[in-house]
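The data blocks that follow each hold one structure.
Below, subunit A partners subunit B and then partners subunit C, in two separate complexes.
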Partner chain A sequence: MPPAEQYGYAVARLRAMSVNLVEDSVLQRILESEDLEGALKVLGETVYSAWLVDLKGSGDFDRVIEAELVSVYDEVQRFVPDVRLVQLFRLPYDFHNVKVLLKSLVLLREGGERRFDLLTPLGNIPSDDLIMAMESEDFRLLPFGLHTLVPAALTLWEQTRDILEVEKILDTGLFAAMKKLAVESGIGGALAWVRGKIDGENIRNLLRIKRMDMDVSAAAGFLHEGGFLSKERLLSLLSEPVESWPRAIAFADVGRAFSDVQDVTDLNSLLVEMEKIIDDYVASILEKAKYNAFAPENILAFLWKKELEAKNIRIALVSVGNNTDRTLAKGLFRHAG
Partner chain B sequence: MARLNVNPNRMELSRLKKRLVVAKRGHKLLKDKQDALIKAFLERAREAKVLREELEDELKGCYKSFLLARAQTLPAMLEQALMISGAKAELQVGYKNVMSVMVPEYEVEQGGSPMNYGLAATLGSLDVALERFARLIPQLILLAAREKAISLMALEIEKTRRRVNALEHVLIPGFIETIRYITMKLDEQERSTLSRLMKIKEIVRSH
Partner chain C sequence: MELLGIMLAILGAAMAAGWAGAGSAIGVGIAGESGAGVMTEDPGKFGLVLLLQALPGTQGIYGLLIAFFAILKVGLLGGGGEISVSVWQGLGIFFACLPIAIGGYFSAIAQGKTSAACIQMIAKRPEETGKAVILPAMVETYAVLSLLMSIILLNGIKL
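Let's turn to the complex of A and B:
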C-alpha cells in the first residue's frame, strides 16, 4: 500500500473534482423539464456538456453518461496512488463484457450473431483485447481471475447448457475478484466497502429469491461469500418472514439499511426501495473517511458518488423521455452526498 | 328490375318458380345467419374490448416495472441479461366453426423460467417486469385469437350481407319479374290461341 501522504494530492484533486458533481437542484431541474431536449439542455450546463456535442439523437443520452464515467475513471486512474481502487469500480463492467462475449459465442453456435455493440468501454480490460482473447480462446493473459473463470464458464456451458449456472459462477468470480483487489490494496476502508457491497448484494438477492419462492439449495448459488454476514446466516433468513429480517440481522451494519424500510408487506415495492437503500448504505460505509484528507477511502467515496450521479441522471432522463410519474423517479434518486 | 333473358315457355316458368322458392328460402336462411352472426359478433366484440382494456392496463404496469429496471441500469447490461432466454413458449393453433366461420383457437404452453440471468448486474424490477410479461403472454394470445375471430366474423357478416342484398334486391325481383313476364306472355299466347280458335270456328260455321 502506498504511504498515506501520497493520497493527500489525490484527495485534494478529487475534492476539486467534486465541485463538478451534478447537484440535487440540477437533477430536479432535469426532472422538471418538459421533454428530453429540455432535460439535455439542463444537462448541458454540467460537465456532461463535453459529451453532448457527440450526441446522435436525444435518446442516445446513455452514451453521454457512459463517456463521462469513462473520462472520470481514466482521469482518476492517472493520479491515484493505487489503481486497484479504480479497478474495483471498473471490474463489474469487465465481467459484463465477458458475459456479452460468452453469450455471443453461445448465440453464434446456435445460429445467432455476435453482440459487440453491448460491450462497454467502462471496463479495465480494453474491449479489443477481450474480444481477441475470446476469439482465439487464449485466456492466459486475462486478469482478475478471468483466465480460469472464462474456461470454467465455457466448460460449464458445454456440460449443462444452462446460462444461469454460467452467470452464477461469473458473479461469484466478480465478488471474489473485488475482495481480492481490496485485500491486495491493504486499505481497510476498501475491504470494508467491498464486504459491505457484498452484504448489500446478498440482501438484495435474498429478497429477490424470497419473492420468487426459491428453495434454500437453489438460493445458495445466488449468494456470495466475503461479506460481513455469512452465507449460512443469510440462507437461514429465507425460512423466516421478511418482517423479521431486520431484527435477525440487526447486529450487522447492513441491518441499518432495513431500519429505513417503511413497508415490508409488498415485496415488489420493497425490492425497488431496497435497491436505493442498499446503494445509500454502500455510500455510508465510506462516510467517516471524508474528514481525513489523507484517507484513500475518499477515492472510493468519490467514484461511488460519480456512479450514483450517473444512475440519478439516467433515472431522470428515462423518466422525462418516457413521460412517467416524476415523483416516482424522484423517489428512486440515490443520495449522492 | 332487369328481367332474365329466357325463353317464355312453361318449362322455363316452372324452373324459375322453383328457383324463386329456393332463393326465398336461401334469403331467409342467410338473413337469419346474418342476424346471428351480428349478435355473436357484438357479444365477442364487447368481451374483447373489456379484455383489451384489462390487458392494456396490465401492459402499462409491465412496462412501468421494466422502465424502473431500465432507468437504473446501463442499457447494455439490461440487454446482456436478456440475450439468452430461458423461457420457451409453444403455440398450438386449432380452429372452431362458429356459423361457418373458422375462428382460430390458440393454446400456449410456457416452459422454463424467464429469469435466466445473473442477479449481480440486474435489478429486482426486471424480475417483476419479466414475471408480469410471462403471465400476460397467454392473455395476449387469447386476445389475439378473439380479435382474429372478430375480424373473420366481420368479413363473414359483410359477405353474408352482400349475399342477402343480392338475393333481396337483384335475384328475387329478377325472378319475380321474369315469372310475371313469362306468365303474361303465356297468357297472351293463350288469348291469341283462343281468339284464333274462335275465328276459325266462326269461319267454319259460316261455311
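Let's turn to the complex of A and C:
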C-alpha cells in the first residue's frame, strides 16, 4: 500500500471535483419539471451537459448517466495511487456484462439474437475483449477469477438449464472478487465497505426470499459469505417475522440501519425502502474518512457518492418520464451530498 | 581544543538550518500535493493555495536565521577578529540550536499536513478561507516558540 501522504493529491482533487456533484436543489428542480425535455434542460446545467449533446432521444438518458460515470471512473483511475479502489466499483459492471454475454450465448444456441446493446462500458474489462473471450470460448486471460467462473457457469447451465443458479454462482464470484481486491489493497475502509455491501445484498435477498416464502435450505444459496453478519445468523431470521428482524440484528451496524424503516408490514414497499436504506448505510461506512485529509477511503466515498448521484438522477428522470408520484420519487433519493 | 568548540558551534548551526529546512521541504511538499490536486480542477484558487503552501516554509527560514546567529557568534561571519571558543561554549551553542532544529522539523511537517487539509477545505468551501489560514498558523506558534528559545539561549552564552 502506498504511504498515506500519497493520497493528498487524489483526495484534494476529489474534494474539488465533489463541488460538481448534483445538489439536492437541482434534483428537486428536475422532479418539478413538467416533462422529460424540461428535466433534461435542468440536467443540462450540471456536469452532465457534456453528454447531453450526444443524446439521441429524451428516453435515452441512461446513456448520458452512463457516459458521465465512465468519464469519472476513467479520470479517477488515472490519478489514484491504487487503481484497485476504482476497480472495486467497476467490478459489478464486469459481472453484469458477463451475465449479458452468457445469456446471449444461451439465446444464440437456442436460435435467438445476441443482446450486445445491454453491455455497459463501465466495467474494467473492455466490452470487445469480453465479447472476444466469450465468442471464442477462450477464458484463460479473463481477470478477477472470471477465467474459472465463466466456464463453471456455462457447465452449470448445461447441467441444470437454470439461469437463477448461474446468476447465483456469478454473484458469489463477484463478492469473492471484490473482497479479494479489498484485502489486496490493504485499506481497512475498503474491506469494511465491501463487507457492508455484502450485508446489504444479503438483507435485500433475505427480504425477497421472505416475500417468496422460500424454505431455509433453498434460501442459503442466495446469501453470500464475507459480510459482517454470518450466513447462519441471517438464515435464522427467516423463521422470525420481519417485524422482529431489526431487534434480532440490532448488534450489527446494518441492523441499526433498520431502525429508519417506517413500516415493515408491507414487504413490497419495505423492499423499495430498504434499497435506499442499504445504500445510505454503505455510504455511512465511509463517512468517518472525511475527517482525514489523506485517507484512501475518501476515494471510495467520492465514487460511491457519484454512484448514488447517478441513481438519484435516474429515479428523478424515470419519475418525470413516467409521470409517477413525485413525492414517492423524492422519498427514494439517496443521500449523496 | 579551541577548534573543537568552533566545530560544535558549526554542527549546531548546520543542524538548525538542515533539520528545520528539511521539515519545511517535507511540509511544503505535502501541502503542494494537495494544492496541485485542487488546482487541477480549479486553477482560480492559485492565490489561496500558494498562501497555504508557503506557511510550512517559515521553519526553514527560522533555522537559517539561528544558523547565522550561531556562526556570527563564533566569528565565522562578519569580518571581525578571531574569537576564542571553549569546548563548553561550543557545546552551549550546539544545544542552543537544537530547539529550532527539532521544533522546526516536526512543526513544519505537522503544518504541512494541516495546510494540505485546509487546501482541501477551501476546495469545497472557498468562503472559509480565513479559517483555513488560521488553522495552520496555530502550528506556527510552536515553531516561533522554538525560535525564541534558540535566540534566548544563544544570547545567554557569553564568549
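Quick note on the criterion: the second predicted complex is superposed on the first by the 337 of 337 C-alpha atoms of A that agree within 3 Å, B and C clash if a C-alpha of one lies under 4 Å from a C-alpha of the other, contacts with A are read in each partner's own complex, and residues count from 1 in each chain.
Everything that follows uses one rule, which is that a contact is a pair of C-beta atoms (placed from the backbone, for glycine too) under 8 Å apart; a residue touches a chain by one contact, two chains touch by 3 or more.
Not measured: the values here are computed from a predicted model.
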Combined model on subunit A: subunit C and subunit B, fit or clash: fit
Partner chain(s) touched by A:18 [first = subunit B, second = subunit C, both, neither]: second
Angle at subunit A between subunit B and subunit C, C-alpha centres, nearest 10 degrees: 160
Touched partner set for A:31, first subunit B, second subunit C, both or neither: neither
A:62 touches, of subunit B and subunit C: first, second, both or neither? first
Touching partner for A:229 - first (subunit B), second (subunit C), both, neither: neither
Touching partner for A:149 - first (subunit B), second (subunit C), both, neither: neither
Which superposed partner A:249 touches (first subunit B, second subunit C, both, neither): neither
Subunit B versus subunit C as contact partner of A:8, first or second or both or neither: second
Touching partner for A:207 - first (subunit B), second (subunit C), both, neither: first
When both partners are placed on the shared chain, which of subunit B and subunit C touches more of subunit A: B
Closest Cα approach, subunit C to subunit B, once both complexes are overlaid on chain A (Å): 28
Overlap of subunit C and subunit B interfaces on subunit A (superposed complexes): none
Touch list for subunit B against partner subunit A, complex: 64-65, 67-68, 70-72, 74-77, 79-80, 83-84, 86, 115-121, 123-125, 127-128
Residues of subunit A defined as touching subunit B within the complex: 62, 66, 92, 95-96, 99-100, 103-104, 106-107, 115, 117-120, 122, 163-164, 167-168, 170-171, 174-175, 201, 204-205, 207-208, 211-212, 222, 268, 271-272, 274-275, 311, 314-315, 318-319, 322, 324, 329, 332
Parts of subunit A lying in touch with subunit C, wherever the complex brings them together: 5, 8-19, 293-294
Residues on subunit C engaged by subunit A in the complex (per definition of touch): 30, 33-38, 40-42, 113, 116-117, 119-120, 123-124
